[in-house]
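Following this message is one structure expressed as structure tokens.
Order of writing sets the labels: A, B and C. Residues in every chain begin at 1.
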Amino acid sequence: MMKISARNTLAGTVSKVTKGAVNSEVDLTLNGGDKVAAIITNESVAHLGLKEGVRAYAILKASWVILGKGTDAKKISARNVLPGTVSEVHEGAVNNEVVLKLKGGNELTAIITRESSHSMGFKEGDEAFAVFKASSVIVGVD
Amino acid sequence: MMKISARNTLAGTVSKVTKGAVNSEVDLTLNGGDKVAAIITNESVAHLGLKEGVRAYAILKASWVILGKGTDAKKISARNVLPGTVSEVHEGAVNNEVVLKLKGGNELTAIITRESSHSMGFKEGDEAFAVFKASSVIVGVD
Amino acid sequence: MMKISARNTLAGTVSKVTKGAVNSEVDLTLNGGDKVAAIITNESVAHLGLKEGVRAYAILKASWVILGKGTDAKKISARNVLPGTVSEVHEGAVNNEVVLKLKGGNELTAIITRESSHSMGFKEGDEAFAVFKASSVIVGVD
């Protein structure tokens, strides 16, 4: 895999591709079982050769991830709502970095404002959810 | 409302839903009258039960908001161009946090680079615009 | 041009507009020759008067840009993969700011986590790629 600055480059396998007129939804099952949905153009699906069973990466910048507590996927429009446990919190002047260990064992890093981090009281061991739109996910292949 | 790390979770009411083949535009009128447009999938519109009159939240990370001065909505492709007044500026090493008080009274926080913040000279009391794409807005319900 | 906080406001000319049912792809050739693809609504194309030959700006927040090394555009779903050379790295507590001088001479700034910046070892003079989705680009006109 090429090297890329996105903190979250999660390895998995394509489990389904649903084609629309212009865009497709690509469902990935990450190593460990976590699931991620990505919306990319049909053109990208073709040039990456994505189809069921192909190994691929879900790529997601830390700044695109929202963290929730007690998040109910039925109450939010974002397609990706992944449960996990906070494993690290790094403090900055304006932003904090929070690392979430997902159920399937993948680590997902979020950059959130320091104020949000404090008001939600994130600390190691907390149960939390990573929330992100399918349209923000980039897909890569080896 | 579930707790979520996005700095901007703005309460309002759905004023219109315009369905496309795959996505819908959901127009929200925030408490106070500010208006926000969101593009989400038809599937999300259905599972959230969004329609005119339903109470909902526009959710938007601070890092997804651009700030403008003298911004003319007719000259930029972003659907959301909301006027307001700068109420706070917090300095970081790389990023600054700027809080905008929108016309309708809602507060919207933007994380912008320190250099942009300085070159634009943002300070309390300045008139400014929050600019963001409809596709970056997430919609939540109680 | 109105003033806007997005670090990356790159001047160019529309080279092509490809209309879909709801969205259009707008291809811009920046001054110097770098190319950027943007996906915006047909409505925005109309109200900005975008067509071949029109002067326009590609607007992109620094936090929406991923940086790669040895990036192969055929292996990633993001439409924009622009080669350049690292010209500056500014360190923060959580995030670093990396400036890329593109082949055509334009400067593009990315905010990436400090940890990604360190693990990839970005320093002045390195060859690198700016990676971003067409759907994250905002288009502006004078």
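Here, contacts are C-beta pairs under 8 Å (C-beta built on N, C-alpha and C of every residue); 3 or more make two chains touch, one makes a residue touch a chain.
Here the structure is a predicted model, which is why all the values come from computation and not from measurement.
Bringing subunit B onto subunit C by least-squares fit of CA atoms involves turning it by 120°, to the nearest 5. As for how the two copies subunit A and subunit B face one another, under half of their interface residue numbers coincide. Centroids of subunit A and subunit B (each the mean of its C-alpha atoms) stand 22 Å apart.
Among all residues of subunit A, those that touch two or more other chains are 21, 63, 92-93, 95, 111, 135. By the touch criterion stated above, subunit B contacts subunit A in their complex at residues 2-7, 21-22, 38, 40-41, 44-45, 47-48, 59, 61-63, 90-93, 95-97, 109, 111, 135-136, 138-142.
Interface of subunit C with subunit A (complex): residues 20-21, 23, 63-64, 66-72, 74-79, 92-95, 98, 110-113, 115-117, 120, 122, 131, 133-135.
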